[in-house]
Every structure is written in structure tokens, then in C-alpha cells.
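In what follows, structures are represented as C-alpha cells.
First subunit A sits with subunit B, and in the next complex the same chain sits with subunit C.
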Partner chain A sequence: MARSKRITVVGCVLVLSLALGTASAEVVVIVSAQSPVSALTRAQLADIYLGRSNRLPNGDPVVPIDQAFGSAAHDLFYRDYIGRSTALIKAHWSRLIFTGRGQPPKAVPNDSATAEIVAENPNTIGYVDSGHVDIRLRIVPIE
Partner chain B sequence: MQGKQSVAVMVALLLHATAAGAQATETPNLLFNGFGTVGVIHSDEDQADFVPNIFASDGAGHTRDWSFEVDSRLGLQLTTNLTPRLSGVVQVVAEQRHDDSYSPLVEWANFKFDITPDWSVRAGRIVLPIFMVSEYRKVGYAIPWVRPPVEVYRLVPVGSNDGIDVTYRTHFGEATNTLSGNYGRKDVTTASGGKVRARDGVTVTDTLERGPLTLFAGYTRTRVTIEEAQPLFDAIVQFGPQGAALAERYDADGKHLEIMRVGARYDPGDWFVMGEWARSSSRTFIGDKRAWYLTGGYRFGSVTPYITLARARVETVTSDPGLAVAGLPPPRAAQAAALNATLNRLLGSAPEQQSLSLGVRWDFARNFALKVQFDHLNLDAGSAGVLVNEQPGFRRGGTASLFSATVDFVF
Partner chain C sequence: MPATPTLVQRWLHRLPEPPVLFSAIAVLVLAVIWSTTLYLAANEHAAGQRAAAALTADLTDTYEAQMVGALNVIDQTLLQVRYNLRTAPAHAVLREMGASGLLPHEFLFTVSIADADGEIIATTQPAAMESVAARDFFQRTREDRGMVIGLPRFHPETDEWRLHFSRRLEAADGGFGGSVMVSVHAGYFVSGYDPDALGKHGMLGLVGTDGIFRVRRTDDVVYAGDAIEYRSLVPDRAIDTASDAIEVKVNGWDGVRRYTTARKLFEFPLAIVVGLSDTEQLAQAKALVRTYLGRAAAASALLVALIALIGRLSWQLQKARARVAEEQVAYAKRLEYFAYHDSLTDLPNRAFFSRLLVQGMHQARRYERCLALLFLDLDRFKTINDTLGHKAGDELLQEVGRRLRGCIRDSDVIARLGGDEFVILLPEIAHATQAVPVTRKILAEVGKPYTLVGHEYRITVSIGISLFPNDGEDEQTLMKNADIAMYHAKEKGKNNFQFYSEQLSTDALEHLALESSLRNALQNDEFLLYYQAKLDLNSERITGMEALLHWQHPDLGLVAPMKFIPLAEETGLIVPIGRWVLETACRQNVAWQKAGFPALTMAVNLSARQFLDDHLLGDIAGVLRETGVEPCRLELEINERILIRNMERTLQILQGLKQMGVRLAIDDFGMGYTALSTLKPFAFDTIKIDGSFIQEVMRSAEGKRQTEALITLGRSLGQTVIAECVETVEQADFLRTHACDGIQGFHVHEPMPAAECAQRLHEQLLAAVAPRP
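Presenting the complex of A and B:
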């Protein structure tokens, strides 16, 4: 009995730490704490990041901040939120660039650079590993 | 010549405007991008050529067993954002031309002004959205195939035109609608050195996007003149009322050419299907044509096999009795027979074929894609299909197989 309880406890700790580990590797969408954005749909987020819209649902202008192609956050964000591989995203932007319709969002090197820019610019939106969210930022639920 | 000058002027304007703007605000910037394809193609039909476009004089098959020229090209682009609402773009493309040279041509050179976030106007050289991928048909990396299906995309060989366009975007729910109108003109030089002139061209397109679904419809009307055919019809009208009637029916001397098309694409990410249908009509020797294609692919990670079915048909006559030879004095009769033969060569050159294409795209490195494609062309009876440069041993109405391999890149 005692032994099986101990195993259960160890098991729970393991599961918990795994869950925490997964959570800290999760990419979240962020805005400045001063931003009016409360939530976005997946389609609205995709429109902003794929150059189809430069405004928030309430009509305010928005500037998306991207991370470097090939970074872990970039791969996860486009796979989990936009549903496209990075090669497809590259092909998408090739279509816009070479028809004079737009340029991809400004890309910054990493999570901390994204957090800094988004914290200081309430009209921006970005994505970071959830471990980089601080008091100046707010996580945007994506419905 | 004119092309080169306009590039130089446009680049100078962009550089000047960028330098001036850089002092005023922090918006202006100059962006440099490029794309290209290195491709090789083999055709098993050695008595005719498969060419990159209808203006090229030779290609794969008869002229070259394996050709590096058909699909290879390089494009370079400068973009500048002068203010948040005003931008300029110049793109030059080097590829095989009608005279076999690779002199770069200006594909795009225009300024775009966003009146509001949803209204924009452009002026300058603009590639027309004739079909769904027309505007970026030369950017191999941006399209699923080695080349857009020739049955549909060669209905309208003229890509860019000089003029203005207006675009209006509306959002409702999760859908975005883009309505666009263009007015312009264009001259193109064909393989024989003659010019094709398009004037008073009006193009209206509408694109509706909702999630993975895109619906497209377009209409174009232009006046077309084909210089190459003028001596033929000038001679035909010398034969009195019957000659005048033939010229009225077949000459391309500023008559209207209309193109209607619809298309749809569904691309949820892991797979895609896409199709387009088009009709071009005119009271000229070009005649009335119909074409469609249907394509689809599945993305296994970075590897995307795809399949395409396509068809091109001519609805109007592909031959005509021409001038009545009977009763004419012998020298006139011989001349009439020669003119009839030339007219029928024009009418019979319209491609009628169907094709099945199988291919694989492999995104093997960032900004690079490798494609391998096999095309089986089934030419309609009496037609050479899209093949040109027919040799005495060529048999119309047969089949031809093409094998292509390309590496596409963007930077």
C-alpha cells in the first residue's frame, strides 16, 4: 500500500513536471498591457500575419512582429496558429512580394526582442514562448 | 531599348525618392528581392518544339534534345515604401525571348497609393490578373507546378500592360472580397519580329477569400492588332467582295478580343485542389477558344506530389475554303491558292490538346524547391497542340511526353 502510494506521488510529480515543461515550450500571442485587444479568432490572426489586414477587429491599426525564419517560435507559431508550414508561408510571401502587394512582417531575432518591442508599442502584436510573458504584456486568447 | 530606358528612369526615381524620403521620415526603405528557376526539359517528340511561350522560336524536342532555356529565368526586384501609403516597385525578368536573347524585360514598374486601407490605385506597368496565378506565374517558387498549365495560361500570352488600376477590398465576417479594375495597353514582339498590339484593354476581376477557399472571376476586353497577318489580309481584300468578307471575318486589325474566366482553389494546408475555366473569343483568325485545368496535391511534410488534368479546344473553324479559285485567270488563281494556304496555316495553328501531368515538389532547403514533372500531351486530330516549329516528319494529332526538372529559389 505505502509503496504504491509513493509510486502514485512520483507519478503525479512526473506528470506535473511534464505538463509544466510542455507549457513553458508553448508559444503564445501577446500584445502590450495597454492594448485594447482582448481576443482574436484564428482567421483574424491569420489575416494580420499573412498581410490580408492591417487593422484590428475594432478598426485600430496593428503591426505584426515576426520572429526569424527557422527559429523554434516561428515554426511553432505558424504550425499551431496559422496551420501552414514555413515553406508555404515563404511561398505565400513570394506571391505578395513579387506582385508589389506587400512585404512580410518585420522579423526580430528572438523572444526577448519580441517582448521588448511589443511591450513598448501598444499597436503591435507578437508571439513568444510563454516563459517570456511579463507584467508589461498580455496573452491574447486565440479562439 | 524603350524597356531599358524605362527601367533606368524608374530605378533613378526610386533611389531619388528614397533618399529624399529618408531625410523626412523613417518610413522610406529600399528592398531588394529576387527569384529564379534553373530548369531542364526533355521532349520525346523530335519533329517539333515545346517552347516557353508563344513568342519563343525554339525549345525542347527538335531544336534541343534537352533544353535549359524553356523554364530557366531570373527576376530581380526593387521595392520602396516612400510613405506609409505610397510605394514603388520595379521588377525585371531575364528569360528566353522571341529572338533567343536573354535581355531583361521590365515585368513590373509602378507606383501604388493607398487612398484608404481598402482602396488603392496603381499607375505604370502592371501584370494583369488574367488567371489566378498570372501575376506571379514566373516565380516558380510561388506556384505548385514547374509551369502553369499551358492549355489555359497560353490563351492570353500577354502578361503585363501599361496603364492604371484601382483595387477595392471589403471585409464581411471572415471573408475578404477584392474587386479590381485595370485600363491599359501593351505591345509584344513575336518570334517572326512582328508586333502584337493590345489597345483600350479593360480588365475587371473579383477574388473572394474565406479561410482555405478562394473564388475568382475575371473579364477582359481589348482591341487586338496582329501585324504579322496584315500583308495576308491586305492581299486578300484585292479579291473583291469575297476577299473583303474573309478579311472582315478573320483579320485582327483592332477588333475586340474578350476573355472570361472563373476559378477556385481550396487549400486547408495539408492538401490543395484548384481549377480554372476560361473562354476567349474574337472575330479574328484567333477564333473562339475554351480551356480548363484541374489540379491537386497532398503535402507530406516537405514533399508534395501533384496531378494536373488540362484541356484546350477551339470552338470556331480551324480551316476555311478561303477565296474561290475557280474562274480566276491562272496567275490570280495561283496567288489566291497561296493566300488560302497561309490563311489555313493561321487557322490551324490554334492548339487543341489535353494533357495529364504528374509531378513532385520538394522543399529541400529554406528558399529552395526542387520539382520534377512528367507531362503527357494528347494532341487533337489535325492539331500540333502547343508544339511549334513543326518539321516535315511531324505528325499532327499524335502524343508527346515531356520530362522537366527545376530548382526554384527566392531571396
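Presenting the complex of A and C:
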């Protein structure tokens, strides 16, 4: 009697999470499956995306892939992972561009494009909606 | 050479004084501290200003480069889009260019294309689709061939100012074909504001040649749209920009005082404005200056405190030194005073007087005047000192000193020589007599009563006066002669004054010589006795002898009794001499007895000293014993004056003598008979009437009466009355008729040595009556 109950609970949870997973707009950081990157800290991730660093912790060059300004993925990423508001990002890049000290990361239109580029280029890093992760990609845990 | 020193010289002269020196040093150091500080402060300030100016210049250069770069990117975009629009439609151009990365980042820049009517036909930002027909820049783009920079517009929905840059599109017919535009948020152009460099009150700005600020930023705040006087802000760019004038002025748009540079951009109708807040930039310098000033103030305060402290210590030291010096001087003065003054009377002492005397003599010698020296010796001071004690004696001396001081003038000198001796110097007297009034005054004053231990006492003073230059021309001589004169005054009965005379000196010398020979006379057997007979008037026979002491001086010859007996009395030598006289006289008497002469009474004089001597009775007893003479054969003649004094003792002695069995006679009877009535019960054996009365007997009736009375009185006191100094037969006759028992004198015979006397006695034996000479 207990066992069957447990199975039912687990099964419901799985179904629910699946359902929710597909419906939720969770953004994950991804690299190519061949990328040597295993994990990154928030600070390291921020440095890469804010133009402060163009190398991975292990010394390999890295190219960040951004999504279209104003898109859901873009907003979520910058809010959850980088922790800066849009206004701050704007001001940051205004200064770097105006003073000629940096260029924003390359922007691609959507998740699929991001996934394609990242999958084919092991030296890139990007972020996509979790639903777009396939076997060519690996999720990078961010501490 | 100036007669009076200048102000500067006077102050220089005072420099070594501690207060002036310290003040000068303090001022000097303070001057150094402050001049250095102010110099450094000025330097710091100037450096700060220079740094601010330099930084402003630097920032301006950087900003200009950045701004030109940014504007060029925008312009390039416009030109490229316009170029591509020749061959492709608007949408395609934007898309292709975007994909190729030829468009600036779309999250900052929006690229749009508008048609001739101002409708947006293509844009990188789908939300920005509204018409630009009414926009200012669109109007200007119609006319302008270059890049048009629109006026800033505030978008409340995004809370930002936006700027539009546009270029004209040519229509196929050459007319206005629309515009290509790039819009960006105005803050972009001031996004490089570095708070570290520009601070919170600096500014970066972009102003159009039309005087409208396209954008400006101070700290975090972005402004746009302010209108300014362009020409007054931006200088003409005819000259090389390397020497931009950087003025410090108040920026009109926000009222902040800034180091401001405004530079027109080369290709664009814009000028950049860079400003650094005067207050902010110089804050550090000012803080540093304040530190310097604070340090200087602290150092100054410390210095002043230190100097004040040192000054105070120095002043205290000076005071202490001055006090010590004063004390030393006072001490020295006191020592000197005590060295020169008598502690009891406060009068000058001998040493001081000596100096003053010498001085006085010099003065007198110089001005040919005399001076008088008064030597004062208090009479019988010793008695008072012994009776009342030393304390009373001291008080007496002090009072005497005071009175003496009162008798003399300020120019006179008085000193205490010691004991009861004083000396007074009267300088500058013209004549000896001028000394007399002072001397008389002194005698009077000193003679007034003194109150000691509650009772009144009197003393007197003997004064000897010597004169300079008559009586001596040096200190010692004057003093000695005054002393001799004083001694003479004492001899003359005390309580008087005597002037010095040479005779006195001679007398004094004689006196001294005599005294010394007298001391040896007894040992040297220089004494001898002369005898004078007493004649009994009834029997006309010699009944007695009086022994008279003579001195055979080796040099002076025979010295009469009155010359040396007083001296003997004074020196006390009379006692041993008197004893010798007694002995010799008694022996002689015994010898005459043995020679067969009839019994005689030997009379010997007793002086006051002998009479009062403690050993008198013992000595007489001894003589009687040794010589073997019968007591009734010895008669002691005692002067009436001696008997009057000290009645009690006199009676005692007389009793004792009487008990021994010797005869007693009153000598020189006549003066004090009143007092003698007390001796009445005593019954003297002989009364000898004083010679002075006998001399008067034949001269006056008074004399006769007196003598008569004396004989009567004498009878009442004694058994026998003898007259002295009988010289004439008339006197003898008178006395005989007036019941006088005996006579003595030249009429009988003069005093003669024992041998001659014996001769006379012998003659008497042979004759019944004493032969007349």
C-alpha cells in the first residue's frame, strides 16, 4: 500500500515538473558540449558579459553570446545571473562604447540562434531558455 | 656722531635683557614659521590651481577625442545607410547592415529612415515608428547639407533625454527625399563622466553652436536643453587649442564655480564643455593648507607657551638673583655695621671711631681748623654694675649713650670705646673754648637721674679734653692726652672736665714713675721714719712722738709724705708699708726705752685703707707681740674724715682696738664734730685739733673762738687735747691758757730722724724745761 502511494506521488511530481518545465521561462547558461568549461562563478560570468574579461578561468578565450535587447531571455539572464538592471547595463555599455574601451557581446535574435552558434563554437558561451537545451549543449552551473 | 642714540640703537642695547631677547627670538621664529607656512600654503594653492587647470585641459583633450569619435561613428552610419539606400530599399538596407554588424549596437542606437513627409519607413527599433514631421531636426534636415543635430527631447516613458542625428536624403529629382536618422539617449555622450576625476560637481557637456545644451552631466544627473550665451562661453577657434585659456568662472547654468574649458569641435556645430569644480579640486589643497596653518598655529602656540614659560622662569630667576644679591648686600652691610658699631648702644665702636678721627684730623688739617676730643669715663659705674646686676648696667649704658647723642650735633662723632668709656669728637672748632658748652651740657645730662630696676639712681662722668693740633697731631697722642686729662678730672674729684696740659703729662709720667718705684721701695729699704715730739703744756715735757713716713728715693731724694702717701693709699701698698711703719716705730720706742729714756707714747697714722683692712687687728696684735711694746705705748691716729664714714664698721674696729689696749686718737679734728657726737660714748685717748684752726688763732677773733670751742668739744670726746702745727710762742701761750693739754709742731721741733730725736730727748733729760730753739 505504501509503495504504490509513493510511486504515485513521484509520478505526479515528474509530470508536473515536466509540464511546468516546458511552460516556465527559466534561463540557463550553456556552452558547447566540447567546451572545457565546467562551472563558473557569478563574478566570472559577469566579467565575461560586461566586457571586463575575454578569457575563461582556465585561460582559454571566450566569446559571450547575447540575445536581443529587450527580449525575455535577455531580461531574465541579466536579472537572475548578472544581477544588474537594464538601465545599469545601458549606462555601462554607453560608457565603454563612448570611451572606446569595449564592445557589447554579439547579439543574436533568439534562443534557437543562440543554441546553434554556441553548439558549433566551443569557445562561446551563451544563455537560452532551458527548453532549448539539447545534447550538443551543456548547462554551466553558476555558483 | 649722534649725541643721543637712535631708537634702534637703544633697543639693540637692551637686547641682552632676557625679556627683550626672548621676545625678539619668539618674534623671529614666529616670523619664520608663518612666512614658511604662508609660502607653502600659497604654493599648495597655486599647485592645486595648476593641477586643476592641467586636469581640466587633459580631460578636455580626452573628451574631445571621444566625442569626435562617437560623432564620427554616428555620421558614418548615416552616410553608409544613405549610400546603401541608392541601391536597396530601406528595410533591406537596415536588415543587411544590421546583420553585417555595420550598424551601431541597437540597444543604444536606433537607426531609422523617414520619407519626405516624415513618416518612418524603416527602423531598427520597431517601437519607434511615430512621425518625425514635426520635429525640429527634420525641418532643418530639409535645408542642411550636413549632419543635423536635433534638440534634445525628454521621453518620460524611458525617463531619458534622446538626441536625433539626421542627414538629408536626395530624391530622384534632387529634391528633399526624406532623412536617415540615428537616435541615441543623450546620456551616451556624457557616459564617460568619471567621478574620480570630475568629482561630484564637475561637468561634461555638449552644447550646440545655437547655444542649447544637447546634454550635460554633473555627477549622476543628466540635464539637457539649457540655453546659454554661446559666444561668451566658447572662444573663437582661430588659434591652436594647445593653449586653451582655462578660466575659473561661475557656470551660469547651475551657478557652480568651475575651471571651465569650452572647445568647438572641428567638424560639427557643437562645442564640448568640461568643467572641474573649483571647490572640489582645491578641496585637497585647501585641506592641506588648513593642515599647514593648523600646524603653524600649534607650533606658534607651543612656541609662545614655551617662550612664556622660559620667560617666566628667567624672570623668576632674575628676581631670585636680585633677591640674593640684595640679601648679600644687606648682609654685607649688616656685617659692616656690626664691625663698626657697638652692639649695646648702637654707637660707633673703637675701630670705626679711629677711622673717623683720622678723617676728621685730615679735614681739620686741610681747612686749618681745630678739633676737640672728649674722653668720657662714667664715675662709679662699677658700683652700680655690681650692685644692680649686669642687665641694669647695660640699660644704664644704653641710656647714657642716648643722652650723649642728644648733646651733640650731627656733625659731631660719638663712640663707645668699651666698658664705661665713651669718646666724642668735635670736628672743626675754631677755639678750645667752643668745646666747653658741649662738655657742660654733657655733665648736666649725664647727671640727671636714671630709672633702673624701678628705682632712681644717679651717676656722674669725668671728662678729659684734648685738642688737635695743639695737644697732638696723630690719633694715638690725642687719645692718650685726652685720657690723661680725664684721669686728672677724676683726681680733681670727678663730675668735672679738664683740659689737657703738658704739665698733666709730666705729672702723669711722674706719677707712673713714682708708682713703680714705690712698689720696690719697701724691699729696697728706702723708707725711713721721722719723728715729731708732742709737748705736754702742763709739764713742759715731751710725752710722745709721732712717727712720720719719709721716702729716701734713690733719684728724687727725700720724698715728702704728701707726695707718695696718697699713691700708696690708691695702690694698696699702704698696707704693707703701714705694717712696716708700725713695726719700725714700735721697735724704736722699745729701743729708746732700753736706752733709758722716759716712757713715751708712739703715735702712728692709720690711713683709710689700713683702717678698713680686714687684717688690721691681726697685724697690730702681731706687731705688739713681735716688738714687745706695751699696748698703751702705741697710739693709733685716725683721721676724723675716716671715722665719719661707715659708722657701723668704724665702731666695730674701734671696739676691737680698744680691747687690745692700744690708744686711739682722732687726727685733724675740727670739721665733722656733729657726726662725732655719735662716738661720744667711746672716749678717745687723744683729740688732735686740725692745724688750720691753730693758724687762725692769732689772726682773728673768730679763729680764737673756734679753737676754744674745739678744745671744749675735744675734751668731751677724749682725755687729752693736742693742737697740731703750733709754730709760734704766741700760739703756744694761747693754747696753754685755754686748757689745751699738748702741742705739736715746729715750735717744739720739726720732724727729724731717730738719731736726732734721741739727741733732743737726751737734752730734755738734762734740762728740766725743753730748750727753746
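Keep this in mind: the second predicted complex is superposed on the first by the 121 of 143 C-alpha atoms of A that agree within 3 Å, B and C clash if a C-alpha of one lies under 4 Å from a C-alpha of the other, contacts with A are read in each partner's own complex, and residues count from 1 in each chain.
Keep this in mind: a contact is a pair of C-beta atoms (placed from the backbone, for glycine too) under 8 Å apart; a residue touches a chain by one contact, two chains touch by 3 or more.
Keep in mind that this is a model prediction, so the values were computed, not measured.
In the superposed model, A:Ala107 makes contact with subunit C only, not with subunit B. Contacts of A:Arg52 after superposition: subunit B is touched, whereas subunit C is not reached. Taking subunit B and subunit C in turn and counting the residues of subunit A each one touches, the greater count comes from B.
In the overlay built on the shared chain, the residue A:Gly70 is in contact with subunit B and with subunit C. Within the superposed three-chain model, A:Leu88 lies in touch with subunit B and out of touch with subunit C [touch as defined at top].
On subunit A, the surface touched by subunit B in one complex and the surface touched by subunit C in the other have residues 69-70, 90-91, 94-95, 97-100, 103 in common. Residues of subunit A that touch subunit B in their complex: 41, 43, 47, 52-55, 61, 69-70, 83-88, 90-91, 94-95, 97-100, 103. Within the complex formed with subunit C, the subunit A residues making contact are 68-70, 90-91, 93-95, 97-100, 103-104, 107. Those residues of subunit C lying in contact with subunit A across their complex are 66, 69-70, 104-108, 185, 187-189, 191-192. The touching residues of subunit B, when paired with subunit A in their complex, are 31, 33, 35, 75, 77, 79, 81, 87, 89, 91, 108, 110, 112, 117, 122, 127, 135-136, 139, 141-142, 171, 174, 176, 209, 211, 268-269, 299, 301-302, 363, 366-367, 369, 410.
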